[in-house]
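Structure incoming, see below.
First chain written, first letter: the chains are A, B, C, D and E, and each begins at residue 1.
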Amino acid sequence: MDISTIIGLVSGTIFVIISIIWGEGRVPLFLNWPSVMIVFGGIIAALFVSYPIPKLIEGFKTGKHVFSKQEIDPTDVISKINELALSARKEGLLALEEIAQGMEDPFLQKGILLIVDGTDAELLRSILETEIAFVENRHKDNQKFWESIAELGPAWGMIGTLIGLIIMLDNLSDPSTLGPKMAVALITTFYGSMIANLVATPISTKLKLKSSEEILHKQVMVEGLLSIQAGENPRVIEEKLKAFLSPGTRKVFDDKSKTEE
Amino acid sequence: MDISTIIGLVSGTIFVIISIIWGEGRVPLFLNWPSVMIVFGGIIAALFVSYPIPKLIEGFKTGKHVFSKQEIDPTDVISKINELALSARKEGLLALEEIAQGMEDPFLQKGILLIVDGTDAELLRSILETEIAFVENRHKDNQKFWESIAELGPAWGMIGTLIGLIIMLDNLSDPSTLGPKMAVALITTFYGSMIANLVATPISTKLKLKSSEEILHKQVMVEGLLSIQAGENPRVIEEKLKAFLSPGTRKVFDDKSKTEE
Amino acid sequence: MDISTIIGLVSGTIFVIISIIWGEGRVPLFLNWPSVMIVFGGIIAALFVSYPIPKLIEGFKTGKHVFSKQEIDPTDVISKINELALSARKEGLLALEEIAQGMEDPFLQKGILLIVDGTDAELLRSILETEIAFVENRHKDNQKFWESIAELGPAWGMIGTLIGLIIMLDNLSDPSTLGPKMAVALITTFYGSMIANLVATPISTKLKLKSSEEILHKQVMVEGLLSIQAGENPRVIEEKLKAFLSPGTRKVFDDKSKTEE
Amino acid sequence: MDISTIIGLVSGTIFVIISIIWGEGRVPLFLNWPSVMIVFGGIIAALFVSYPIPKLIEGFKTGKHVFSKQEIDPTDVISKINELALSARKEGLLALEEIAQGMEDPFLQKGILLIVDGTDAELLRSILETEIAFVENRHKDNQKFWESIAELGPAWGMIGTLIGLIIMLDNLSDPSTLGPKMAVALITTFYGSMIANLVATPISTKLKLKSSEEILHKQVMVEGLLSIQAGENPRVIEEKLKAFLSPGTRKVFDDKSKTEE
Amino acid sequence: MDISTIIGLVSGTIFVIISIIWGEGRVPLFLNWPSVMIVFGGIIAALFVSYPIPKLIEGFKTGKHVFSKQEIDPTDVISKINELALSARKEGLLALEEIAQGMEDPFLQKGILLIVDGTDAELLRSILETEIAFVENRHKDNQKFWESIAELGPAWGMIGTLIGLIIMLDNLSDPSTLGPKMAVALITTFYGSMIANLVATPISTKLKLKSSEEILHKQVMVEGLLSIQAGENPRVIEEKLKAFLSPGTRKVFDDKSKTEE
């Protein structure tokens, strides 16, 4: 569980509720079904026009990634590569096949099998980088999906407010109802802003971060696999891969390595 | 038929109508011919200044692509390439000419004929990639056409509202008509927002998706054709091209391959 | 004459006039000299700060390109290159000099003369591509000039409205004049929007299209000239250059070629 | 201490306070706890959704960099490289190891140790440039963090104002309280603008400047280290590295060099 | 003197003054010291947070470039290169040293001295292009400085208006003063728009143009210097460099060359 996403969504909602109560407003006023319908309905209708149905489902599904903690740890990747490099040195490249069988990461596994099959270094890099490029593209599509929602939210909020305003202005017979009617008209704009600024834009930002982490892991793997194939010294490989770590993570990694020794 | 586009446009319109009725508004109020004229007329006038007439017609025509289902399936492309690779291996490159005659895809056909003609690999790649680049450019022009509409919609909506407001303010003699007049003035802004957020932006998004799918198919073809020309092993070719598939599609493809075996 | 530009500008103006009359407004109200002065004056003043005078004049002059029909036809370019390739094959590269003398296009002419002078292929490509790059840069500067106007229009429209509002609010003695005064204040915003959305943005879009067409022609010429210099087969050259055409144009070209045969 | 940041934040706050007093406003009116809660609470809630907790803490921590003066001076870097080059010339590359021990800069130190270890030039450049690329990426993430705040500020300011307006409009019973209530509703928009335009955007700009300075130093180091490894003449190295300095700094550097001679 | 900048600033101010008088407004109303303080004070405070003090001073100083006429003429550069090429041909590369001494342009001078020192072509290009890249970066920083002001202007204008509005709404006791107070509140928005649209954005645009001209001159110099070093024919060099000129300038250059012959 990525606890920060939950904290953010819950606390944001609570802040809004407190703000309403503190301002002596009625909370139920802010729960207006016609407003819910036009804003959410409008967004979903626009998404249907924007995306073929499978992409639409995939887009919503990626939303759940912001709740899950990324399991992979960059230092783990380096340790694993290091292990592989040591095995390859001692027992030859073919010995990697067995290790690959027990691996969880399909990308690393595929890379090892390609090495064992004797794939040429150039081709190996090209196959793995093509795969990374496509993973990145799919991630970008999903980030754009949530950015679309972030743009559609305020837009449909404004459409809802316009509908409310036009109806209100067309029918000014009873001025005493003007205020409450306008209050209701503004609720759609409020919904649109909340969707954009508490949900969709933040989700898109978090997806971007998770994506760049995953891509980084895969790049570390590619560099590591190519070094293993080239028969480089495990120590040099480790040094090379550590360039991919942030100074903080690198320190953690170095401490861990020392403890293990 | 791309059913999602229809669902989106129809449901979006229905949501707006329900919203009007639910808000106790008169639906006919929202059908205002002068407003239709200034918003749609203004957009089309601006498009005439922006685009030469043939481009304008082409731009509108591409709109229909969002209603049609893309027929090509990436796994089909790989199967076809695989078949070609097997034929080339067994019967030589010249045997491909006959197969090419029966092909529907002009791009793949052209590529095969260039191979049969003994075109140099470098030149083959350059010709096919130039073609892809130009296809991509034409697609981008069409996406921009719909993005232009998405920007012109709210802009002409605002121009219409300004005209209505100026006339209304210039003639404040009867305050009781103020409300309805302002209601009408706002309808153009409503139209502009609907055009942008239910039609033009979503169409542009969908065109972008369809374009990147088509480009992907063509890239798979280019890689496949070059591999065939180089006389690579059909199994290696298949492995290489599978890097272009998403994990989901790849699984579908692998399952299909197994069933066929 | 690029008839679409005229149609757009004229019809856009007519739509606005009809909209005013239909809304029971007085057309002369929308012709307000102080408003004209502050919006147009402000835009021009800002352009003077933005551009040195020669660039300013050049920027405005390029506006006339949107009224002129691009004469060059991509299929013509290919035919001409083909002709040159045939002459070069039959009579040698030197025979091209005479043909170059009668040419209208200075770019193609320059390229041929460089070939006749025996310029090295690398250098030939570099000289011609540098020239294309600079043509493209000059075009981009001119597109930006009109984009500047498109941004300055609404900005100075708002400045005019602010001036009007401030004066009006400062002097609320006679409330009956409030409406008409505010109407007048809004006219500058109306002008600014019209300049941006009927004139400047569309002109910039059309300039971009015309530019990319011209650049495309020049790129076709460069590829053709290099192929001629390399002594490639005229048929291969034609096939290569056809990759630059859109499928529609290519079909027109093929039909024309057949008729000519 | 980067005094300019302090000057800016303090003077900006003072200008606002003077402006309130000069306008005969009550300063305490602008300190409204419910407004503080919704704007700051909303921003922080959205940041929790956007960033995993460690990134969130890191993002806020980088804010302190805008208060600290960058210690490294580009001319110092060149002097240091020059010294290293002289030592390497006189006593051989191995003599650099000892010098590296006493170095403060971990990047330069790492580079020297890699040279001493006899790392291949290609690999040396690749390791160091990978490290620079990752430093740059981390810096960009932090700039984006503050840009996120700059966008969330006005957005949550508007959400606060909407909540206030909706409550006010829903309850128009006492028109005399309308003004003060609307005043309070606008305070959140005021907070949002202040956060964006006095704090978050400026901090992001300063982080960008500091980052590009640091990257520049690192690039100078890489060029210098590679030149040292290649055994280039110290004078040529100095001339080469001076290209990285601005004319002003270069003059300072030349003057200093002369004084030292 | 770049007369166009003066014309623009003066005429823009005059247009605004005429607009005020024509609208029967009082010009002194638009000179409001509290408004001046909050807008200019706020912008400067934000710039202090954004930039370290030396960068801040440099940023403002570059503003004066928009008043100075660029002295260098591209045709002059080509003539000078031509001269150098002739001398090099006749008297050898070493003869260039003397000519370099009398040169005003430090970039060209440096290039010649590097040639005379026998610098390798690869290194020569790399040193000069690094220098160009850094000049370009410094120019971009300065353009961004003025773009920052263009964004801060309207933002602080809005902050000023918000302060004015909040004070006004909080104190609605005397409705007759409502208009004038709101008029004053809007003056900061007016200032912000003027700063952005008459001063800062246009200055940034002009700086961009001046920068690209200077970069172009430097690129012509690099190409010329490399050709001289390679001992190319002066006529070929001239032809090559002319590709960098716009058709208009090229014609002027050709006419001048003829007159000189």
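Keep this in mind: contacts are C-beta pairs under 8 Å (C-beta built on N, C-alpha and C of every residue); 3 or more make two chains touch, one makes a residue touch a chain.
A quick note: this is a predicted structure, and the numbers were derived from the prediction, not measured.
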{"item": "Any chain in contact with chain A as well as chain D", "value": "none"}
{"item": "Approximate Å spacing (C-alpha centroids) for the pair chain D, chain E", "value": "25"}
{"item": "Between chain B and chain D, centroid-to-centroid distance (C-alpha), Å", "value": "41"}
{"item": "Per-residue overlap in chain D, given as positions that touch at least 2 other chains", "value": "none"}
{"item": "Pairwise touch network: line, ring, star, complete, or other", "value": "ring"}
{"item": "Ring path (origin chain D; first step to chain E)", "value": "D, E, C, B, A"}
{"item": "Touching residues (chain side chain B, partner chain A) in the complex", "value": "2-5, 7-9, 11-12, 15-16, 18-20, 22-26, 29-30, 66, 176, 178-180, 182-183, 186-187, 189-190, 193-194, 196-199, 201-203, 205-206, 209, 212, 239-240, 243-247"}
{"item": "In the complex, chain B residues that touch chain C", "value": "34, 37-38, 41-42, 44-53, 55-56, 106, 123, 127-128, 130-131, 134, 137-138, 141, 148, 151-152, 155-156, 158-160, 162-172"}
